[in-house]
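The letters A, B, C and D name the chains in turn, as written, and every chain counts its residues from 1.
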Amino acid sequence: MLTTRQVDAYHALTVLAPRIAEGFRPGHFLAVAVGGPHTSMLTRRAFFIHDVKPDYGGSVEFVFAVDGPGTAWLAERRARDTLDLVGPLGRPFPLPRDPVNCVVVGDEYGSAMLFPVADALQRRGCRVDFVLGGASADRVFGAKRARRMTETPTLTTEDGSLGVRGRVTDALPGVIADVRADVVYACGPMETLRRATAVAVEFDIPIQVAVEERMACGIGLCMTCVLPVIGEDGVTRMVRACVEGPAFRGERVRFDDVGTIPFDALGAPGGGSRNVS
Amino acid sequence: MLTTRQVDAYHALTVLAPRIAEGFRPGHFLAVAVGGPHTSMLTRRAFFIHDVKPDYGGSVEFVFAVDGPGTAWLAERRARDTLDLVGPLGRPFPLPRDPVNCVVVGDEYGSAMLFPVADALQRRGCRVDFVLGGASADRVFGAKRARRMTETPTLTTEDGSLGVRGRVTDALPGVIADVRADVVYACGPMETLRRATAVAVEFDIPIQVAVEERMACGIGLCMTCVLPVIGEDGVTRMVRACVEGPAFRGERVRFDDVGTIPFDALGAPGGGSRNVS
Amino acid sequence: MRTYLGHVELANPIVTAAGCGGSGAELAQFFDLGRIGALTTRSITMAPRAGRPTPRMTETPSGLLNAVGLQGPGVDAFLARELPWLAQRNVRTVVSIGGGTVAEYTALARRLNDAPGVTALEVNLSCPNIEDRGRVFARDGAASAEVIAAVRAVMRYDVPVVAKLSPDTADIVSVARACAASGADALSMINNPLGMSIDTETMLPSLAAGTGGLSGPAIRPLAVRCVWQVRAALPDVPIIGMGGVLTGRDAFELILAGACVVAVGTALFHDPSACLRVLRELEEIVAARGYQRLADVIGLAHRPPGATARHRTDFEESSL
Amino acid sequence: MRTYLGHVELANPIVTAAGCGGSGAELAQFFDLGRIGALTTRSITMAPRAGRPTPRMTETPSGLLNAVGLQGPGVDAFLARELPWLAQRNVRTVVSIGGGTVAEYTALARRLNDAPGVTALEVNLSCPNIEDRGRVFARDGAASAEVIAAVRAVMRYDVPVVAKLSPDTADIVSVARACAASGADALSMINNPLGMSIDTETMLPSLAAGTGGLSGPAIRPLAVRCVWQVRAALPDVPIIGMGGVLTGRDAFELILAGACVVAVGTALFHDPSACLRVLRELEEIVAARGYQRLADVIGLAHRPPGATARHRTDFEESSL
């Protein structure tokens, strides 16, 4: 059972899912079966949860851009269709205990999942400032809601059609400095997270990022969603974005090595111990 | 663009298809793509055309029973959905030039395609008598319409819930004798066609049967729909039901050998000339 | 969008797959056969063949299992009726042949040698070798090479001999290498891997023959892998790629892997004009990527990751 | 619905496939692992392995391509943490092992020999043999047999050794025969055939590793065929069947072909409780056909067509 709406370049689906709504913490995602019965599409598609409402026992909303056949199918769903969901999944964002100053950075549909984060931060008395961006005005998600929640959200577009021309990460240093931010929360493409982390590191403040990796299962079984992350012990491991993440401390993610097995990662080929292939 | 209705145990879909409607001759079938985009179901499903109407430039109706996933999908289609059809396909029934007495024998959904045949026969001044049957009352298709078109259609059910208890082929000899039939037209399961042919042979009258074989293409490419048929020259060949049929003279079909390669068929293993496997 | 199969030029790279385009006449009702690169015949055998009993087909997820068993009229009838029909209409024709012994393949090649209208000869090696307990030739390099050498020796030099390979082997590259070494002018892959389906209602095999050949999109990953591996090992041997091509995207995938010609098989059963649609879509995709000639994209996916694709007609920064 | 893997009894025939059930802890959040026949571990290697770079997965029609590259913690960590966790919970555990040399497989078997909680040892033969230019062991009977003989020699007699075979071979029956002859107590099939997909946007392979293993319903016809052929040739060797099982119907298909145990892999990624659903559906199907014991239906599709299925508890006329 669902309702659908179009938000600029994005589609938003609200689905009745009391159990997911109940377990939800900001940063969680869900996994949707696409294609219907006898589809040729085997894997679920992962989407961050944008909103949770108590209506009808609990509903969840997610926001997506049409990318390939799975999202195209989702975009064609109509009111009262049913969806097969698994969730809530993933490690949610850790939230600060104290009322600190937070900057929330969202790029493209990555912005959607940051609203419940901002809500939770505000409920804890934190100051929240938004930096939201996208390629063009219609791809900046949630500008309106950000304006309702905070005073002056910073908006960026690469084509300059809304807010400042440039990337969210170009605007980020200014905002961090202005509001004397204590922590950054970011979601968006890997490149955005890499740049945001670089900025936070420069300001020497912690940053929490929510990453996206191709996922076949979303529940820790398949080992396809890994990326190199430095552990507490200083050792780099290929960890699963779906269960060890998607929320990570930005400084721990080896963004420059994503898509590789760093030679010093635990179990890397030639990394000390012999390997079978 | 379609409309749908349920007729007892069957579903009937009417689809706008001017080109199919225009080319239609009684006995034709069509082939429907099932499952929608990105389906795992590759092959089209074949259905005999039940009716053709001039509405909106030409529409066709076919009748089907839910059997597997493809027909289940079709049964879920709703008004205004679109369907991907190919047709009209197959060799239609040859019709007599003179106004003769015809018996039309339909078993289960096989009855559906015989109504346009009966129509065409009546237009040529033929007397038409129906023998329609099925496992139970709800599986006898078209009893009402048969009553409108002819005086006393003979109805049979295996459970006796409608008309005479038994098979259509049990009732057939009586009808042939009563009406002094000159020719029989039959459609239904292979076993029904086999029995009907045996009856016609006994009465020494010609019979036209419309057969069903598993079809991957319906247009003569794949060679999967073959059955052993005796040619004019007395030689048995494995001929394609989709293009050489589905209408055949019953006496030419080697019903007892369907599902085999008769040893005397052209090109049969060991049949004179050596074979590669 | 011209392409070459050895020295033979084809108007475009889209051909029908063996055994999937009927005799040509069936498809000709839907479009002008002159508009595709070539028509590939079913595998022609010496004697007429009635094929396998029915049921001969069943559907599997994104696949089709068939056990037709090379039903066909035999080479005499083919030469008397089907080939002249195609030749009269100037349809580029790849003639596929199938045999149970090296001698039979050789005899077929000899019969076809003088026939007008043979654009290329495709040797279907997925036939059981009756002199080796029915082991399929294509399984192993030596058996395949023996057939190819014999056929090449009798066939006119200006007719390319194409060896059609099967994925059901331990090492497709070694079979490809053996065929190329014994004179194959081109390679064609993949023929149907052997599969099976059991009807859980009757609790018996779905096909009368028990096993059957699997085709359709389910096998495309196998086809892409085989084309890729063979192209990497033998970059100079032209490849006809096939297996589960439904769209221009799929054809492009095989071309990027290394095919210079792409055959459409099972898709024809769903859409008799699939070849023309695939061709149109392929042309659009290639043009949209900024290329003008097919040759520029054949095997392009073999460039090292990070390397820019060459021969592009535009010089904008690309996202590669 | 008890079944036997050699002399080892399993509560029911549904197990997880190697590499698809995580360490067990992930699945345990969804259901009680004691309710499935057994959990199969990922293939354990001597050293920890970081696996392949990402992207490691891509979707294909009714299939999934993966190139995980046996990422895992190595045998020490497995014995220190994962196996004890399973053993404490009395989870029947099939331990899968992977190696690059015969010596490595042997060493792994030796390490596992004394470990409590090993229900069976599955030898993943789809690993490249680093002493033979990376040729996968499973391709050929002799290489497979060598591994199996070595492992069988060191492993406790009461732990069945299962040889896991790949369809990427010229003749699965000969590989199966070689493994059985060198001591395999059971056979498991099929591992993923090698496939590939190319991203037509980037015009590069979709997977960082280039090629990957194909799984899911697309390969079920290959799995059924392999199980069928091996069962026909070696009717007394127990078979764990796998490949594209999504439903009870699919499991039943492999059982009719000859499997006595059925593993569920890719389906778990879609539905973590797939094993329990498949089991329930299988029980219903078997009961609906009038059978009470699994043993009555294993390999049943091998009876000659026309023959009535035996051991039915009802004696009504059947439509067979």
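Keep this in mind: a contact is a pair of C-beta atoms (placed from the backbone, for glycine too) under 8 Å apart; a residue touches a chain by one contact, two chains touch by 3 or more.
Keep in mind that this is a model prediction, so the values were computed, not measured.
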Maximum centroid distance from subunit D, chain identifier (CA atoms): B
More contacts between chains, A-C or B-C: B-C
Centre-of-Cα separation between subunit D and subunit A, whole angstrom: 35
Approximate Å spacing (C-alpha centroids) for the pair subunit B, subunit D: 45
Subunit D: positions in contact with at least two other chains: 61-63, 216-217
Multi-partner residues of subunit B (each touching 2 or more other chains): 40-41
Subunit C contact footprint on subunit A (complex, rising order): 40
Residues on subunit D engaged by subunit B in the complex (per definition of touch): 61-62, 217
Residues of subunit B touching subunit A in the complex: 35-41, 69, 73
Parts of subunit B lying in touch with subunit C, wherever the complex brings them together: 33, 40-44, 86, 213-227, 237-238, 243, 258-261, 265-269, 271, 273-277
Residues of subunit D defined as touching subunit C within the complex: 60-63, 65, 135, 139-140, 167-171, 193-198, 200, 202-205, 210-211, 214, 216-222, 224-225, 228-229, 244, 249, 252-253, 256-257, 285, 289, 297, 300-301, 303, 305, 309, 319-320
